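Below: a set of structures, written as structure tokens.
You will see two complexes here that share subunit A, one where it goes with subunit B and one where it goes with subunit C.
== the complex of A and B ==
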């Protein structure tokens, strides 16, 4: 199991706007379909973990990837929101994120 | 490709999330124990188990219960890693069925 360590080299910091890549490829992917292509912001940096996309096939999971807690407005994900401040929070690896405005 | 059979979040026909507690059967507890033991011995990782479930035939996946999927993934990984063969598993299963009847 990968363990969190400090991540001085993380590409994003809390508050940064990010867009989830819309990739449609085979393999074991932890980024749920419903969040691909959506824009949100970094809520928290979880740390660096072995890459599950590699571990899933019996490989070593290296290099480690930075995992973030990313927040999205409910309305931006589902098109509507029960309350204006409702959020969707998803754990997403750095290689699935692009900077956004 | 499109989304996998396991990735149903947000689908309009995904149905409500079953939130009630239920009693586990003995075989479900055993499935968990086997899973834990294989993990502790470094034979499989959670990510491999997830991948095995994702690669299953979609109809089979949907027809299976949660722990049935676990067992199926354990079987896939053990065969993949040449720890057991499909023949060995099927033979043992036939022995159990003879002794205890159909599951």
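== the complex of A and C ==
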């Protein structure tokens, strides 16, 4: 994977453990249902992007949100894993993430 | 839009009824034309632009990476700049990330929310990529999906499924097949299938007859 993008305002850094918020609300959401409430770690900071939850309704997408590549062990997501180190990696915006131990 | 059966409103519908979404698309197209937002020519140009892009762009990038380690390093570090070097326009992609397969790590790409796909590099996604079946199973049972494409991985290989839910578009850089030493870039590019760049299978070891 390429260069690590630095985002001076980012709340998390690679390696930090995070838990995806378990929220359910109507509207345009980019956090898949299956990953809500799951715990993983920051793999990479993708950078700051316009917020799609605002853009979807014709608004300006500001303020920009930091987007992370978040890694999860398959076993932590599904309770089982075909290979011992298999992972699922999801791009998640910062406002969906809480710090975790 | 009404789903009333044909017999209930006095006229017959064609045997091959358009789907709900097809009807909606045609209605939107007609409105855009009627209101002068788009012309027939605009639509035709866009269709041609979409059709002109194909996995051949991706195959060229991968083949060049196999023969030129310095190019591979640039493709991984700055994918869009590496595309520009090859005359491939990747500017339509917001952020482009290349995932390099190794003997011990395999990547696979899905968009569980819709059908996000690196179109400038790979053209239009195959229908199966957009199917609910693939989108559900890719994250739950990636090895099962790979097996159906003919790829059997040992348990100690790490499988990394990327769910491209946001602004990032992913391209898998498949392993160079064994026994292809000494082959040229053009010949190698023929081994790089679309599916190997989505990550559900390896590159071919020989050009199919």
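We take it that the second predicted complex is superposed on the first by the 95 of 101 C-alpha atoms of A that agree within 3 Å, B and C clash if a C-alpha of one lies under 4 Å from a C-alpha of the other, contacts with A are read in each partner's own complex, and residues count from 1 in each chain.
Everything below uses one rule, namely that a contact is a pair of C-beta atoms (placed from the backbone, for glycine too) under 8 Å apart; a residue touches a chain by one contact, two chains touch by 3 or more.
As the structure is a prediction and not an experimental result, all values here were calculated from the model.
With both complexes superposed, C is the one of subunit B and subunit C in contact with more subunit A residues.
Of the two partner chains placed by superposition, only subunit C is touched by A:86; subunit B is not. When the two complexes are overlaid on their common chain A, residue A:32 makes contact with subunit B and with subunit C alike. In the superposed pair of complexes, A:58 makes contact with subunit B only, with no contact to subunit C.
When the two structures are aligned on the shared chain, A:24 is found in touch with subunit B, with no touch to subunit C.
When the shared chain is aligned, subunit C comes close enough to touch A:49, but subunit B does not. Residue overlap on subunit A between the subunit B contacts of one complex and the subunit C contacts of the other covers 1, 32, 34, 52, 77-78. Taken together, the subunit A residues at the contact with subunit B in this complex read 1, 24-26, 28, 32-34, 52, 55-58, 77-78.
Touching subunit A in their complex are the following residues of subunit C: 76-79, 94-95, 97-100, 112-113, 139-144, 153, 155-168.
Remark: subunit B residues 1-4, 7, 9-10, 45-48, 50-51, 54, 80-81 touch subunit A in the complex.
Residue ranges on subunit A touching subunit C, taken from their complex, read 1-3, 30-32, 34-35, 46-47, 49, 52, 67, 69, 71, 74, 77-78, 82-93.
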